[in-house]
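Structure below; questions to follow.
Chain nomenclature is as follows: A, B and C, assigned in order of appearance, with residue numbering initiated at 1 for each chain independently.
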Amino acid sequence: MSLTLGELAGQIRGDLQQGDPDCLICAVATLQNAQSGDISFLANPGYKKYLLATRASAVILRQADAADCPTAVIVSSNPYASYARAAALIVPAARTRQGVHPTAVLDADCAVDEKAWVGPNCIVEKGAVVHAGVQLAGGCFVGAGSVIGADSRLSANVVICHDVSIGARVNIAPGAVIGSDGFGLANEDGRWLNVPQLGSVRIGDDVEIGSNTTIDRGALDDTVLEEGVRLDNQIQVAHNVHIGAHTAIAGCVGISGSAKIGKHCMIGGGSGIVGHLEIADRVVITGMTMVTKSITSAGVYSSGVPAQENDAWNKTYARMRQLDKLARRIGKLERAQAADKKNDNE
Amino acid sequence: MSLTLGELAGQIRGDLQQGDPDCLICAVATLQNAQSGDISFLANPGYKKYLLATRASAVILRQADAADCPTAVIVSSNPYASYARAAALIVPAARTRQGVHPTAVLDADCAVDEKAWVGPNCIVEKGAVVHAGVQLAGGCFVGAGSVIGADSRLSANVVICHDVSIGARVNIAPGAVIGSDGFGLANEDGRWLNVPQLGSVRIGDDVEIGSNTTIDRGALDDTVLEEGVRLDNQIQVAHNVHIGAHTAIAGCVGISGSAKIGKHCMIGGGSGIVGHLEIADRVVITGMTMVTKSITSAGVYSSGVPAQENDAWNKTYARMRQLDKLARRIGKLERAQAADKKNDNE
Amino acid sequence: MSLTLGELAGQIRGDLQQGDPDCLICAVATLQNAQSGDISFLANPGYKKYLLATRASAVILRQADAADCPTAVIVSSNPYASYARAAALIVPAARTRQGVHPTAVLDADCAVDEKAWVGPNCIVEKGAVVHAGVQLAGGCFVGAGSVIGADSRLSANVVICHDVSIGARVNIAPGAVIGSDGFGLANEDGRWLNVPQLGSVRIGDDVEIGSNTTIDRGALDDTVLEEGVRLDNQIQVAHNVHIGAHTAIAGCVGISGSAKIGKHCMIGGGSGIVGHLEIADRVVITGMTMVTKSITSAGVYSSGVPAQENDAWNKTYARMRQLDKLARRIGKLERAQAADKKNDNE
């Protein structure tokens, strides 16, 4: 959809400071690849080098960058968010369909709203409820008794197990699995007994779940994702985890059972969270960190080890193994020096 | 199913020490959420704080906790296992169906037992054998020549590639892939040649495999999981790995090719096992550990680095990079001190 | 297919130095399990112990190992590559079918070549193009506008989202997802706005993609895998990543957004690559390494921490947390010693 710069600025919390408010914007693009009719943005300072040569018709940026911009300028205190709003306005929304594809398999005793779409080869089991506006792409499985809230979108081959509750406007990417049994094992005489997993999963409104991410059902109580949570691809959420509202978690994170994560947290890719602990609100965990204890106050926490050249790393690691001995040698040196001093003073 | 406390105690290796043996138990619940008619359990000492106020009708616990329990008490030396048995008795088992859904696609030359269930949109290829009691939920793929042992359950969208052998009573969670080609590559003049992956996968009886876990077929010999193995979600098992009986592996673990893991091991989440090594029986690997060499005796092994506040971690990491130099400085100090001492003595 | 040793040697860049060129080879096997009629190989020196007792009819090996071989010998400077070629010649290639299974769901406006195979329960959406020789196993999803190049093979339950471009002779293992939305989020007043993901994914010729691997579409420009790239299972490739030709990446690696990886790289399992950085050609990253900065020259880079016994590791880790203090104590000792020396000299 085309909008004028003037219309756009008003809808994206921006201030058109430079340029013709009637200039028509038809598309979005990067600073490097934009053409006439495109709007672009500058949020990450690393890309400022592309600003001067951009061929965009307009750029969304911070006040401080406005003077350097050769094109029309929409100033925003949050250019990335303003760009997100602009892109959502300009780019056509995903198609919304209604009805049930003839190859879909619906149990006689499920309830699919007439304003929902159930795509080819989907399966909707007994007692499941699919609300208005829901879009199930091909090959999705909605297990017995599960509820999919209004306007939620499940991409291809998503699996929702039985008795799971999904909020409204939830997007789930292909291959994600919600509500599989938790990893509940009791050891008896060296063999594992399965502990029945009797809880469920409750997903709040406006949650996003990435491709091939897995969220297990609770053992007795439920696994819970509050509203606005964002999960990237290939995240593992174990049974009875609780994730607070508006927390964002990057790819390949693993969260062990019964961990409770606060609201507005950000967790970097590849991190691991041990079970049965609590993480406060507004905690930031950087990439590949292992959280082994509760974190009681907001802040940034880390343990990921950055790469070195292999030769240097081998030396580092060899010394790490000697660390306890090295520390004792320092203590011995200190004691010897203290003794020397004492001797000198006597 | 409802049972009396007296009946239950006898079937879960427990001793009813307190309470009415005729009290009817209808459900299981946590100490915090239990109501009258529920049985609960206390295994993890962290939850003892909930014992006094519980409204459960009975609690399964250790002898040492019995005196503090306000309700009926079943004492067990292994309360979690006794609870698992109780829950399995009280909670109705998953439904078992028979027959073939009309949308399933069966090759004319496959063998599906009449007491098995093949769900909607499943595909069973040529030469595959599905034994009695097997339950294939929707969208499963059973490749040519594969065998699914009696009473095994495949959840939605499970993929079993060709010529794979699955034992009896195996549970496989949604999205798991068994028998895909191993990552076999030979480099020739800078390009990769695929090495044909000609082995298969053999899964023993009573194995559990988590959601989106992947197990590759062997290159020449087979990838093997012995009986009773438990794999959590999103585990990667490379070609020719061998996992011993009753070993349990938590989520997001990666096991490289030809690693041989013993029996009764426990491997923590996010760990990585290098290829072509052996791990003895009864080895415990804690979370996010990297195993680079064979482990020849039972014990606990670790290398996961717990999180610090980011400022502190940055200092830690900066010093790690200096470790070799720091160690040399300690050596120099020691030599200087030894020389001083020698001088003093002369 | 059976070949004589003489025929084989000529086709695998080998030199038949010992044995009857008319000896018929029918199968491939490991040194340990080979029987008469089999050919085996010795590439990894760890397996040389099996050479003397092998019952294979012939072995592919390096010149240096030839004298120790009790059987016919094909000498190769690259025995593993020669073996890969031999196996590809001897073992029948995967079956190639043509046509569309009656349960497949094809949009009226898609183009499937008559020499392609679309398996049971596959879905091909509007505007998609499936070229000659393509093999879609069961349950695959090809989104609107996507193109699958000639002779590519998609295993069961692969998802290709909309407008993705797949080259020729690409193999994609079960459960892989190509072209899901990138994890693009803008924070506004504590809530996350989705940034529309408007780029796509372009996969070059002769690429291999492992089971349950996920590759996100670009935000504005495309995510790109150049020709010959090899991805193992459960790899996460974020939006706008660029992977150079003939790079091989082992399982469970996560690559963050806009990372640019060179050609002919090798990345070990479980590693993580931070976003917005560049890795030069011919870089080797060992397992479980975290790359946080650009790497500008070929070489080997590491940060994975090998396991210790837990007691030793606990000491190591406790000392790591003291490292900054230990370093300061070394500095203090040095200053004290320097002062002593000065005093001695005065």
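Annotations
Here, a contact is a pair of C-beta atoms (placed from the backbone, for glycine too) under 8 Å apart; a residue touches a chain by one contact, two chains touch by 3 or more.
As the structure is a prediction and not an experimental result, all values here were calculated from the model.
Annotation: the subunit B:subunit C pair of sequence copies touches via predominantly different residues, less than half of the used numbers being shared.
Relative orientation of subunit A with respect to subunit B corresponds to a rotation of 120°, obtained by superposing CA atoms and rounded to a multiple of 5. Taking each chain's centre as the mean of its C-alpha atoms, subunit B lies 25 Å from subunit C. Residue positions 103, 121, 139, 157, 175, 212, 234, 252, 305-306, 308, 320, 323, 326, 330, 333, 337, 340 of subunit C are each in touch with at least two other chains. Within the complex formed with subunit B, the residues of subunit A that make contact are 103, 105, 121, 123, 139, 141, 143, 157, 159, 161, 175, 177, 180-181, 183-188, 190-196, 198, 212, 214, 216, 220-221, 234, 236, 238, 252, 254, 256, 272, 274, 276, 284-286, 289-293, 295, 299-303, 305-306, 308, 312, 315-316, 318-320, 322-323, 326, 329-330, 333, 336-337, 340.
Residues 28-30, 33, 44, 46, 78, 80-81, 83-85, 87-88, 91, 101, 103, 119-121, 137-139, 155-157, 171, 173-175, 208, 210-212, 228, 230, 232-234, 246, 248, 250-252, 264, 269-270, 287-288, 304-310, 313-314, 317, 320-321, 323-324, 326-327, 330, 333-334, 337, 340 of subunit B touch subunit A in their complex.
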